[in-house]
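One chain, chain A, appears in both complexes that follow, with chain B as partner in the first and chain C in the second.
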Partner chain A sequence: MSASERASADAAVVFNEVSKFYGDVLGVNRVTLNIPPGITSLVGPNGSGKTTLMNLMTGLIHPDHGSILMRGISPRDPEALMRITGYATQYDTAPRWATGFTFITTGLLLFGYSRTAAEEKAWKALERVSLTDAANRKVAGYSKGMRQRVRLAQAIAHDPEVLVLDEPLNGLDPLVRAETIALFRLWANEGKHVILSSHVLQEVDLISDQVVLIANGMIIAEGSIRTVREEIEEHPSQYLVRCHDASGVASLLFSEDHVTEIRLNSDRMGLLVMTTDREQFARALGRIALNGHRIEGVVPADENVDAVYEYLIGGE
Partner chain B sequence: MSVYKRGYQRYSGQLTTPWARFLVLPRYAWRRLYQQRLVLLLTMLAFVWPLVCAAFIYLTNHAELLQGLDPEFRQFIQVDGRFFSIFMYVQAGFAVFIAALAGPGLIAPDLANNALPLYFSRPLTRWTYALARLTVLVGMLSVVTWMPGLILFAFQVGLAGGSWFRANWTLGVGMISGFLVWLLILSLVAMASSAYVKWRVVAAAVSLAFFFILSGVGEMIDQVLRVTWGHIIDPAWAVNQVWCALLGVEAPEGPGAAASAVALAAMILLLVLVIERKLRPVEIVS
Partner chain C sequence: MSAAHHSSSGRARPVGFSRLKQVWTIAKVELRRAFFAKRGLWVYGLALLPAVIFFAHGLQVKVRAERLTRRGLTEAAVINTLREGEALADVKARVGKPAEERWGTRVRRVRNTAVNKGTTAHVIDPAVDARFVRLNITRPAYSGEQVAKIFDFEIYGADERQNLALGHPATGSAPCSPSQGPEKAVNGSVGGGKDDQWCSEDWPLFLQVDLGAIRPVKRFVVKHASAGGENEDSDTRDFNIQVSTDGKRFTTVATSSGARYADERTEYRDLVYFDGRREARLLFVDGKLDSMRIEPLLNFEEDRTIFAGIFQYFYLRLAIFFGCLGMFMYLFSGEMSNRTLHYWFLAPARRDVLLAGKYAAGLIASTVIFAGGALLAFGVMVWPHEAVELQSFRAAGGMAQAFWYASAAALGCVGYGSVFLAVGLYVRNPIVPAAVLLAWEGINGVLPPVLQKISILYYLQSLCPVPAPIDSNAPTLIRLLASPPAHASRAAAIVGLLVLTAAVLWIASRAVRTMQISYGAET
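Showing the complex of A and B:
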């Protein structure tokens, strides 16, 4: 491994041929991933292996085969790993007798911070998730959204480089949800890893730099949503074209071999085009525009996680 | 892909020592356990017998106070192995009940709330977690067992002088090590029942039943098979055999101290395996 490769591996989350079985039940199978910093969403149906991947990353379980490196650190070394990793599980794990502040502070004491430093960091974490008002209330009295936030606060309190968050946006109200997403973006921009799982595909679309699609314990696709979409050749790409002369543009596009289907909008001001070749479609639109047809906008209609999920996993 | 510029700096400040970190868990657990009235009451009651024993030691070391007593009786009341064994039996009984009260709350809530991933998402291994929970119980039980025992021993040394210590130091060592074996067994049983039974009351009952049932089964084996080795599966009986050997006291009929020690070691190993099997951060489907 060259120095630059090593440096890149040290800054990435790397899965190399990782398999995990729970007895006879498959957890994940031959997973090879190289996740760069940024926001990465794990997307897949229930029981697809998302949580198993997260548990593997955080060393809570170990692979039966293959190896994992979290920014150059093996998950078999919890002492080193958990200093750079924060994990929020999907369960309500905070002890109900503790206040939010005590809960976070205790966790930080386990990391080895002095009491003063721990209290300072705990307060900062609670501030980041807008929970300072309820900091001294018992977790037992928290609402679902507040418990979600305190769970997030404990994961970020020690300022980790890799954040692994299982369904972190569940139960949050729209305002806090927006604030949390902004927080994810801030961390990602600092060069940290934010790895999360979510069932809300629109949300994943909105926040992710890249997605990992997983089904039946196997990685179906990984990369930016656009890259993944481009690789799905069996499904024609869909584009929404806004133009004044929709019928005229449609008749011109129909003469192109790569166009498989066109649907006119009811307002006759736009059409949905399905094409098997994006580049040829772009060239064809250019020619049409040069011929005097006014085209106001072209938007990909299925370059989102929803569509990618439907194409790759939806049929299973 | 966004452009990432690493502006993040890892924490480079001082950390507390591994021991300080380890003690975070027991410290919180002790605070919560001593907030339970019953635990506190039982702990306080457990100091009555050591006080009686201290009074006894004082009396035996002040011959002038025993002037009016029968010389044979005066000969009988001595601070020796038998005295310490009686002290140990009583305190061991208190320890059983305190362990049954305090133990179930240690692991069961963590398992019920799926909190183990939370613990292990810290620089903490499974074994450190288990050791921390063990420390909670051993610490609590030490307060009512070998610690007052050591104070009594020191009190006796203080009153009887160096010659008594030179002749009887093995009693002190025997008492402490005997207690530690018992505390280990009690703590592991309480932890195992806490790891398997989520309901506290039932876990406490299981913890107590472990001793009564094994004692009953041991007795049954002896009676049915007309043997004397059946009791070896009774941890209390086996520990007593070991204590008798350590304190130089006559032991009841049956397998000797060595065989009892082996049986206790096997029990400890079995309990550790039982706990190890249950203390997993992630439910394993088989």
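Showing the complex of A and C:
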């Protein structure tokens, strides 16, 4: 490893073939990622593995296979890692005894700050999330949005280099949301990692430098938002077409540019079609039907991935 | 680890002292929970129970001494002259009015054993002529059982020498069994056990003997159940004897009723004299001094022994055991179920530091509660005793006992705390591990020496200043289980306990290092 490579690895969040199982249930599967500084959004439906990835980054859970380095630090070394990392989880809890202010101050004391310095930083963090009014009230009495913000404040209070935020925009009112996004941008411009998760692509695609699409614990696309969009559109889709004159329909379909592959079913009653353009494929099928071929039905064959894309980018 | 050189951010990693500071910061936060957890308040109850018991005892003694004193003191020398067997009136005249006097009579209904017991004889004077003699049984037994049992029925004539019934034909109500027919009552013997009697439960119950010819009869002898060796309660209670010359018209010549009971009365009288220190309790039975107990109202030595017993059997074995279970087992799993554990995991601290902080908090709280509870109980135990007695106790270094009790309690928290902290990292439900550990600690006394050393109680018992009281008549096994001999010197016990604790904490630190947050459904 050359010095420059090491420097870039030291500055990135790196997943190398990481798998995590919950008992028999797959959490994430063979995830390899290299996330440079900037705003990165992990996008995928609920249950796709976003939180698992974030818990893995921060050492709350450990991978069954593979390795992770956060700017060169292993998540198994919280003493070093958590100095440069802040994580706002989705776990909507806080110690019963804590007010917003004491909660954050106590956390800061563990960094070795003096009480004065810790209180100063805690206050600054609460200011950043506009929670100073409620600072001295018990967290247990906060509204959901306020609890969301106090967790954000807790994550940023020690000015970390890597911020991991699980659904940070959930439950924020529009004003705070805009302010928060502005903060993310500011931090990203300072060279920090801002890694956030969302299950709505539109929510984050404008603010992210890169997005990582996840479904069923697997990374299905990664890169700048433009690359990912293209990747989504270029991704060939498979359809299962049921018809009486399978070979006739196949020969007609095969003349279309967007069709890359056709396989005949052994019963000669259906075919598996691979297409790069779903709209054109739909139109082509329409023409074929008008020409007198009986088409009994069309079913997407790779439903999972398709469903994710449609869910994320809003379908056709 | 290798990441050290990567913390290039310019912020130094904490080492040594700063880690200790982290431990203390964590401990301070956890202390609040350790002391004031709502579901942990019962721990205070356990810790304070001995103090409450001794306080109640001391208070009761003080109140009693005060009341006895108010009723009048008796000189110690006079009390010393009391002897068993003295009459009540004499004692009262000599010693004076007692501070307390209570009396009662016990009445016992006793059977009049002079009647119908064993063998009864019935004389008719003058003799009457009879050929048939009939024994009618109207109430067959004192026990209430409706079974007539006659071992022998003898009839004598005017000369009173010859048993006229012997061997003569006898009839009667149906026998209980074929081997217990009426002939058995006229065979002249009683020594043959259950088959040497006439037995019948067929009402009306009667036994009739035919003398063969009209004879003058003068005396009857009836041998009842107990004459044949059976229980007295089976003796015939009420019966009568009839005679007849023709077997048709019978005349009653004797009646016997055993329904006679006597009331046996015993008077018991308790007198209490008090000389300001000792209490003399005298028991008079029917006006005579039957027994007496003269002992100090407060017995320091006895109280210390009771304290030793409560401390070893209740405090060490149960209170501290379960207290530490409650205080240490949930240090991690409690935060797991509250979903707050990740905040600690996200702090820039080694997992061992977190473990140490939590353990320190539990230890401080449990030591304050249980060593404090032990000291308080010892103080309350000492409190009611006389200044003179205390002074000599103190002069003999007795107050060191308090120190050792507190130390044993504190080290109990050290040991049991580490064990339950470790157990809490591996299992969530406390019932099974608690039962297993309790059993393990319980059978410790009968284990081979090597295994004994893997037990907290083994070391704690060596620290206790007074051996726990145990009935020396108890079987050896029980004695060993309850109070195995102190095995180690104090220094060895302390070192041994700390080594055991360190080993347990090392196991715990391995578990906590690989611990993962799992709050249920993960996405």
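Everything that follows uses one rule, which is that the second predicted complex is superposed on the first by the 231 of 316 C-alpha atoms of A that agree within 3 Å, B and C clash if a C-alpha of one lies under 4 Å from a C-alpha of the other, contacts with A are read in each partner's own complex, and residues count from 1 in each chain.
Keep in mind that, in the parts below, a residue touches a chain if its C-beta (ideal position, glycine included) is under 8 Å from a C-beta of that chain, and two chains touch if they have at least 3 such contacts.
This one's a predicted model, so the numbers in the text were calculated from it and none came from an experiment.
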Simultaneous placement of chain C and chain B on chain A, clash or fit: clash
Touched partner set for A:48, first chain B, second chain C, both or neither: second
Chain B versus chain C as contact partner of A:189, first or second or both or neither: first
Contacts of A:36 with chain B and chain C, given as first, second, both or neither: first
First, second, both or neither for A:97, with chain B first and chain C second: both
First (chain B), second (chain C), both or neither touched by A:113: first
First (chain B), second (chain C), both or neither touched by A:281: neither
Touching partner for A:10 - first (chain B), second (chain C), both, neither: second
Which of chain B and chain C A:60 touches, first, second, both or neither: both
Which of chain B and chain C A:73 touches, first, second, both or neither: second
Residues of chain A at both interfaces, chain B in one complex, chain C in the other: 22, 55, 58-61, 78-80, 82-87, 89, 91-95, 97, 106-107, 109-112, 154, 158, 161
Touch list for chain C against partner chain A, complex: 1, 3-4, 6-9, 11, 13-14, 18, 21-22, 25-26, 29, 32-33, 338-340, 342-343, 345-351, 353, 514, 516-519, 522-523
Of all residues in chain A, those that touch chain B in their complex: 11, 22-25, 36-38, 55, 58-61, 78-80, 82-87, 89, 91-95, 97, 106-107, 109-114, 117, 154-155, 158-159, 161, 188-192, 209-210, 224
Residue ranges of chain B touching chain A (in the complex, touch as defined): 1-2, 4-8, 10-11, 13-16, 18, 20-21, 24-25, 28, 32, 109, 113-115, 117-125, 281-282, 284-286
Chain A residues touching chain C - in the complex, by the definition given at the top: 10, 22, 27, 46-52, 55, 58-62, 71-74, 77-87, 89, 91-95, 97, 106-107, 109-112, 154, 158, 161
